[in-house]
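The next part holds the structures, each set out as C-alpha cells.
Common to both upcoming complexes is chain A, partnered first by chain B, then by chain C.
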Partner chain A sequence: MDVRRLVRVGAICGAVTVYFALVGLTDRFAKLALVGSSVTMGRLVLVIAPLIAGYAVGRPRTRSGTTVSLPIRDAVVHGLVAGAIAGAVFALFVIFVDAFGVERVRGVFINVSPAMMEYVTFGQTAVVAALILTAASAVAGGLGGGYPVLPVTLRKPTGSAVLAVFALGFLQRIVPIALDQLNVERDWLYSRRLGGLTWAGAVVVAAIAASLSILKQRKGDRIRELVRAPSVEGSTRPSGTQIVVALVLLGLVLVTPLLVGSVISNVLGFVLIFALLGLGLNIVVGYAGLLDLGYVFFFAVGAYSLALLTGASLNTFTGSGPPAVSADLNFWVAVPIVMLIAAGAGVLIGAPVLRLRGDYLALVTLGLGEMVTVLLRSPWLEPLVGGPSGMRGVTDAAIGGFGFQDPVHFYYLGIAFVAFAAFISWRLASSRIGRAWTAMREDEQIADAMGVSTTRYKLLAFAMGGAIGSLGGALFAVKIGSLTPASFELLVSIQVLGIVILGGIGSIPGVIVGSLVLVGLPGLLREFEEYRLLAYGAAIVAVMLLRPQGLVPNVRRSRELHEEDEAQDKWAGDVPRDEHVAAGISPEGTGAG
Partner chain B sequence: MTIAEGAPATSVADVRLSTFERLPWRRIILVLLAIVIVAVTTIGIYKTLTSPEAANYSGEFWAQLTVDGLSYGAILSMVALGYSMVYGILRMINFAHGEVFMAGGFASFFFANAYAKSGFLNSNTVVAVLIVMTVSVLVSVGVALLLERVCYRPLRNAPRLVPLITAIGASLFIQNSFRGFFGPQSYGYPRPSSLNGQVPILGVHVNKIDIAVLVVAVVCMLVLQMFVSRTKTGRSMRAVAEDREIASLMGIDVDRTIAITFAVGGVLAGIAGVLFGMTFQQIQFTSGFTLGIAAFTAAVLGGIGSIGGATLGGFLIGVLRAVGPVLILTGFGIPSVHSLNEAFVFLVLVLVLVFRPGGLLGTGEAEKV
Partner chain C sequence: MRVLEVVNVRKSFGGLAALGGLDLHVDEGEILSVIGPNGAGKSTVFNLITGIYEPDDGDIRYFGESIVGLRPNQIVKLGIARTFQNVRLFPNMTVLENAKVGQHCRSKGGVFGSILRSGSVRAEEERIRERAKEALAFFGSRLAGYRLEQPSFSLSYANRRRLEMARALATTPRLLLLDEPTAGMNPRETLELRDRIVQMRDRLGVTVIVIEHDMRVVKGVSDRVVACDYGRKIADGTYDEVAAHERVIEAYLGRRHEDTA
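Take a look at the complex of A and B:
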C-alpha cells in the first residue's frame, strides 16, 4: 500500500471539502433535496471529494505502458483509507471552527455561519460530528475505490443507475413541470413537499437506467449498426432509421419550450444567445486559431446597432429621447445590416493587430473589449447609446403580429438563428476558406508559403466571427428589450471563451453543449447562480488540464489525435502535448510570418 | 501582402501583384494612426493648458499628480516584475498574477484591521506593518506556488496558448473564490496614523504614504536586483531563462528554479498588496484584475522579460495613467476624466503592442514572431 499517495490524495480532497464549505457551497445547497429528505445536494458536497479520493486511489493505473488493476478488496481498502483521511481533514476543520468560535471565524470567512455549522455537525457536538464525518467519508471513499475495479457487467449498470437518479434529481425544476404539462401523474416520482425524487421514484429510475445499460451492453452493436450504417452499401444517403432518429431529435427540440414552461424557456433563450456567441467565437478561436478575449465587442455592436437601427430610444432623466443617429427599420431588414456593421468592425479591429503573436493578440483584444464597456458608459457617446442608463424600447422581431418577446416564442427565434449560424459554420469548416484557416492555425509560416494569404484569412475570420456574434447581440437586444452597459462587461468574453473551450475548440455541437452546461445549468439551479463565474473558471482550467479537446471534440481533430497517439506509441513520446495540438491550438501560438 | 491565393502556379501573369496590392498597407495604416495619435495628443495638451480650467491647475497640482502617479507606478512595478520574471523564464503570460497580488492584500487586510482596532497598528507601526506584510507575502507566495504547481507545470510543454487560457480560467477561479470566502463588498483597509497627512518637499505637499510606498518599493527592487545578479539561485534563474534544457544539463533543478521564480513574484506582489491597501484604503476581490492589466501593460511597455524594463514601465504607466487623461482629455471638454484612467491604460497597452511589441528596453522586432 502506497501510504504517502493515499495520504496526499486524501489530504487534497479533504482540503477541497473545506474549500466548498468556506466558499459557501455546503450551506447554499443544504436545502436542495435530491432523493427523499436525506440525500441532499449539501450532503453530496460533503462526500463528493472523499468519493473522488477513493476513485483516484482505487482506479487501475498505467505505469510504463502496462495497466495494473488492484484486486477489489485492496481497492476498497485503499479508497476507505483515502476517504477517511479526507473526512478527517474536514473533521479537523469543523473541530477547529467549533473551538475557535463560529462568530469569530465568520468575521473573516462570511460563509461559516452557525447554520452551516449546525448542518455539518448534524446537531451533535463537534467531536461526535467529526467521527460521523470521518466514517461517512471513509464509506464514500470505499465505494469510490471499489467502483472502478468492479467487473464491467456490474460497473456500467450501477454507474448509469446512480447517474440517472442524480441527473433527474438535479432536473427537479424541469421534469415535474413538463410532466404536469403532459398531464402525467408525477407525485410518485417527485415529492411536492421536498422537491427532489421520492425513494420509490428513485428506485424505478435506477432500475430503468440499469436495464437500459444492460440492454446496451448486450445489444449495443446491433443498435449502433441500425442507427449508423447506411441502408445501401456504399451509399452516403442516410438510412431510414437515421432519418427517424433525426426527426425524433428535431421534434424534441421543437416541443421542449411547450413542455417546460416560460421560466425554463427563458433560461433556454439565454442558452441560445450564448450558443450564437459561442459559434461566432468558435470561428475566430477554433477555426482560425486567433485567441480573441474582447469578443464582447461584437456582442455590444450587435445589440446597440440593432437598437439604433430599429428606432429604440435613450433612457434620460426626463424619460426617453431619440438617439443622435437612428433609423426605424424592421428587425428583419436591420439584421443583415447589423451583420455587415459587425463584419466591418471586425476588420477594423483586426487590421492593426494582425501581426501580433497569439498571446499578445489575446491581450490587445482584451484591452479593446474592456474599452468597449468604458466607451458605452462614457459621457462622450451618451447622445448615441445613452451612457450608463442605456437604451430601451428595442423592437420586437415580430412577424405579422407574432411577437418574440414571450420566452416560448423567443426560443423558436433563437433556434432558427442558431441553426442558421451552425449551418454556416459547418459549411465554412469544410470549405476552401475553412481549410485555409486550418492551415493557418496549424502553422502560419507554412500556410503563408503555400500561398494562403494569412492577412486576408485572419481578417475574414474576424469578420465572419464578428457577424455571427453580432446576431447574438441582436437577439439579446430583442429579448431584453432594453440595453445597459452592465450587460456588456469583459466577463462576457470570458464566458463565451469558457463555452467554446468546454464544448471542444472547433466543434459546433460542442458549443451547444458548452452553453447548455455553462449557461443552462446555473440558470436552472437558482442556488448555483452565485457560483457561475467560479464554475467558468474551474471548467476552463479543468478542461485545459484534463481534456483539452473538450466535451464534444471536433471529429477531425480527435481523429488527428488518434493518429498522433498511434505514432506516439511507437516512440513513447509525451502524448499531452499532442492532445493540445489536436485540440486546435497550434504549437507556436499564432505566430506571424 | 502575399501572392493572390488561388492563382494557378502555371500562369506567371496571375502571380504578379497589382500595384494596389504591392503597397505596404499595414505600414501606411500604422503611420497614419501614429500621426493621428500625435496630433490628438498635442491638440489635447494645448487645449487643456489654454482652457479656462487650466487656471485651477497650479504647478503644484501637476507635481502632486505626478507623485501620486509615481507611487501607484511603484506598486505597478512590483507586480509587473512578477509578470516579467515569469515571462522571462517560461515565455508565458501569467494572467493570474493580478490575483496573486489581490490574494495577499485581501488576506492581510484581516490582520491589519484587527491591529487597527486594537491600536497595535498605531502604537507599534513598524512591527505591525511587518507582520501584515509577512502574512500578505505568505498568502501571495502560496497562491503563486499553487498556480504554478496545479495550472502551469503540467502544461510546461503545451502550445503557448494553452497555459494562457488556463491562466484566464485560474484568474476567474481565484477571484470568485475570494468573493466566496470574504464576500463581494469592498473592505476599508486601515492606514497607520503616522502615514496620514502630507509633508512639503521642495515646496510641493506630498502625501506621506506615497513616500513610504516609494521607499519600500525601491528597497524591494534593489534587493531583487541583488538577488538575481549576486546569488546562486538568481544565477540559476537567469540560466533557466536563457536555455532551459542546457540549464538542466548543467545540474540546475529547473522545476525548483521555476517555482522559486513564481515565489519571488509572489513576495513582491504580496508586499505590493499591502502598499496598495494602505494607499487606497480599500480592497475587494476585483482589485487584482484591473491592476494586473495595468501592471502587465507596464511590463510590456518596458520590455517584457527584463527587470529594468518592468520597473521603468511601472513608473511610466503610473505617471501616464495619473497625468495623461487630465492633460490630454480635459482639453476636449470631456467630463470626469478620472473615470477614463483605466481605459487610458488599455489604450496605451494596445498602442504599445501595435507599435512596439518588444517594449522600450526589449528587442523590438524580434519579439513579434
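Take a look at the complex of A and C:
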C-alpha cells in the first residue's frame, strides 16, 4: 500500500471539501433535494471529493506501458483510507471553526455562517460531527475505490444508473415542467414538496438506465453500425436510418421550448446567442488559428449597430431621449448591414495585427477588446451610443405582426440564426477557403510559399468571424431591448473562448455543446448562478486535463493532440490509447510526488 | 529561352555576407544542379528566388521580368514552386489535402461561391481534386489509395519528401526548385528519385533547379552544374567540367599545402 499516495490524494480532496465550504457551496446547496429528503446536493458536496479520492487511488494505473489493476478488496480498502483522510481534513476544519468561533472565522470567510456550521455538524457537537464526517467520507471513498475495478458488465450499468438518477435530480426544474406540458402524471417521479426525485422514481430511473446500458453493451456495435453506415457502400449520401435520426433530433430541437416553458426557454435564448458568438470565434481561432482575446468587440459592434440602425433611443436622466440616428430600419433590413459593418470592423481589427502571432496577437486583441467598453462609456461617443447609461427601445425582429419577444418565440429566431451561421461555417470550412485557413494555421510560412495569401486569409477570417459574431450581438440587442456598456466586458470574450475550447476547437457541434454546458447549465440551476465563474474555471481545467481535444472534437485537432500518444502506442504495442491518456493525468504522472 | 536569371544578387544577414554578387541562370527545359559546401549560400538563393527573403542588391528575373519584392504567394502563382531542405508539410492535413493546397493558387472560388456551393465552385473543387491526385500519382502508388486520407505526419520519411514534391508539382509550376531532395534517403530511394527528377522535365515539361550533395544524383540528372562557395559562383558547366574544376576541388577538399606556402 502506497501510504504517501493515499495521504496525498486524501489531503487534496479534503482541501477541496474545505474549499467548497469556504466559498459557500455547501450551505447554498443544503436545501436542494435530489432524491427523497435525505440525498441533497449539500450532502453530495460533502462526500463528492472523498468519493473522487477513492476513485483516484482505486483505479487501474499504467506504468511503463503496463496496466496494473488492484484486486477489488485492496481497491476498496485504499479508497476507504483515502476517503477517511479526506473526511478527516474536513473534520479538522469543522473542529477548528468550532473552537475558534464561527463569528471570528466569518470575519474573513463570509460564507462560514452559523447556519452552515449547523448543517455540517448535523446539530451534534463538533467532535461527534467530525467522527460522522470521517466515517461518511470513508464509506464514499470505499465506494469510489471499488467502482473502477468492478467487472465492466457490472460497472457500466451501475455508473449509468447513478449518473441518470443524479442528472434527473439536477434537472428538477425542467423535466417536471416538460412532463406537465405533456400532461404526463409525474408525482410518482418528482416530489412536489421536496423538489427532487422520489425514492420510487429514483429506483425506476436507475433500473431503466441500467438496462439501457446493458442493452448497449450487448447490441451497441449493431446499433452504431445501423446509424453510421451509408446507404450504399462508399457513397456519401445518408442512409435511411441516418435521416430518421436527424429528423428525430430536429424534432426534439423544435419542440423543446414548448415542453420546458418560458423560464428555461429564456435560458436557451442566451445559449443560442452565445452559440452564435462561439461560431464566429471558431472561425478566427478554430479555423484560422488566430487567438483573439478581444472578441467582445464584435458582440458590441453587432448589438450597437443594430440598435443605431433600427432607431433605438438614448437613455437620459429624464427617460428616453430622441433616437441617436434617424435611420429607422426594419430588423431584417438592418441585419445584413450589421454583418457588413462587422466584417468591415473585422478587417480594421485585423489590419494592425497581421504581422503578429501567438501570444503577441492574443495580447494585442485583448487590448483592442478592452478599448470597446472604454469607447462605449466615453463622452466622445455619448451622443451616439448614450455613454454609460446606454440605449433603449431596440426594435423587435417582427415579421409582419409576429414578434419574438416571448422567450419561446425568441428561441426559434435564435435557432434559425444559429442554423444559418453553422451552415456558413460548415460550407467555408469544407471549401478551398477552409483549406487555406487550415494550411495557414499549420504553418504560416509554408502556406505563403505554397500560394496562400496569408494577409488576405487572415483578414477574411476576422471579417467572417466578425460578421457571424455580430449576429449574436444583434440578437442580444433584440432580446434585452436596451444596451449598456456593462454587457460588453472582457468577460464575454473569455466566456466565448471557453465555449469554443470546451466544445472542441474547430468543431461546429462542439460550439453548440460548449454553449449548452457553459451558458445553459448555470442558467438552469439557479443555485449555481453565483458559481458560474467557478464552474467555468473548473470545467475548463477538467476538460483540458481529461479531454484536451474538447467535448465534440474536430477530427484534425484531435490528431494534433494525439500525435504524441500515437507515437507512444507504436512503441508500447498493444496498450490501448486511453490508458496513456489516463497515465498522463494521474497524480504521479504530473510529477506532483 | 531564359526561365530565370539571377543577376549580381547580394544578401547579408547582420553583416555576414551569405551571397556576394551571385549570377545564375537557367534555360527552359534544363535541369540545373547547384552544388557547394555547407554555408555556400545555396538555400539562400532559393529563399531569395521564392520571395522569402529580399535581396540587398541585384535583380532576379523570371522570363525577363523582375520578381524582386513580390510575396512568396505571388511568386508561386507565376509558376515557381519549391521544396524545403527540412521537409515542411502541413502535418495534420491528409496527404490529399496537402496536395490540394498546392492547387490553391490555380483556383479562385470566393466566399459567396463557397457558401452557396455554386456550380462553378463545385466544378473547380472537382478539378482541384483531380489535379492534386495527378500530382500525387506522379510518384506511382506511393502516395495513392488509402494513403490519400492519412494525415501526412504518419508518412515515412521518404514519402514525406515525395509528398512535398507532389505538393509543389500540384501548383503546376514552370520552374521547380528542389532543395536537397535526396537528403536522408536510402540508396534505392535516391536512385528512384533521380529518375523522377528527370521525368519531371521529360514528362511534365518543368524546368528544374536542384540543390544536391549526392554526386551520383548530380551526375545523373544535370544538364549543367553550378558550383558555389562563399556566396559566389566558382564554376559553371557540364558535370565533368565542374567536377574537374580546380576551384571546386579546392572548395570541397581545401587548398594543397604547397600552394598556400
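Keep this in mind: the second predicted complex is superposed on the first by the 554 of 593 C-alpha atoms of A that agree within 3 Å, B and C clash if a C-alpha of one lies under 4 Å from a C-alpha of the other, contacts with A are read in each partner's own complex, and residues count from 1 in each chain.
Definition applied: a residue touches a chain if its C-beta (ideal position, glycine included) is under 8 Å from a C-beta of that chain, and two chains touch if they have at least 3 such contacts.
The model shown is predicted, which means the values in this text are computed figures rather than measured ones.
K.L.:
Touching A:453, do we find chain B (first), chain C (second), both, or neither?
P.N.:
In the superposition, A:453 touches chain B and chain C alike.
K.L.:
Regarding the shared-chain residue A:538, is it in contact with chain B (first), chain C (second), both, or neither?
P.N.:
Only chain B; A:538 stays clear of chain C.
K.L.:
With both complexes superposed on chain A, which partner does A:436 reach: first (chain B), second (chain C), both or neither?
P.N.:
Touch status of A:436: both partners.
K.L.:
Looking at A:427 after the superposition, I want to know if it touches chain B, chain C, both of them or none. Which is it: first, second, both, neither?
P.N.:
second
K.L.:
A:464 in the overlay: touching chain B, chain C, both, or neither? Say first, second, both or neither.
P.N.:
Second partner only, chain C.
K.L.:
Tell me which of chain B and chain C touches more residues of chain A.
P.N.:
It is B that touches the greater number of chain A residues.
K.L.:
Scan A:181 for contacts with chain B and chain C and give back first, second, both or neither.
P.N.:
neither
K.L.:
Could you list which residues of chain A make contact with chain B in one structure and with chain C in the other?
P.N.:
432, 436, 448, 451-455
K.L.:
Of all residues in chain A, which touch chain C in the complex?
P.N.:
Residue positions touching the partner: 423-424, 427-428, 431-433, 435-436, 438-439, 442-443, 445-455, 460, 464, 556-557, 559-560, 563, 566.
K.L.:
Which residues of chain B touch chain A in the complex?
P.N.:
Residue positions touching the partner: 1-7, 26, 29-30, 33, 92-93, 110, 150-151, 154-155, 157-162, 164-166, 168-177, 180-183, 293, 296, 300, 334-336, 339-340, 342-343, 346-347, 349-350, 353-354, 357, 368-369.
K.L.:
Over in the complex, which chain A residues touch chain B? Could you list them?
P.N.:
So the residues of chain A in touch with chain B come to 19, 22-24, 107-111, 289, 291, 293, 351-360, 362-364, 366-368, 370-371, 374-375, 377-380, 432, 436, 448, 451-456, 494, 497-498, 501, 530-531, 533-534, 536-541, 544-545, 548, 574, 576-577, 580-581, 583, 585-593.
K.L.:
State the interface residues of chain C toward chain A in the complex, per the touch definition above.
P.N.:
It is residues 50, 52, 71-74, 76-77, 81-82, 84, 88-93, 97, 100-102, 104-105, 107, 109, 111, 114-117, 121, 124-125, 128, 151, 153-154, 167, 171 of chain C that touch chain A.
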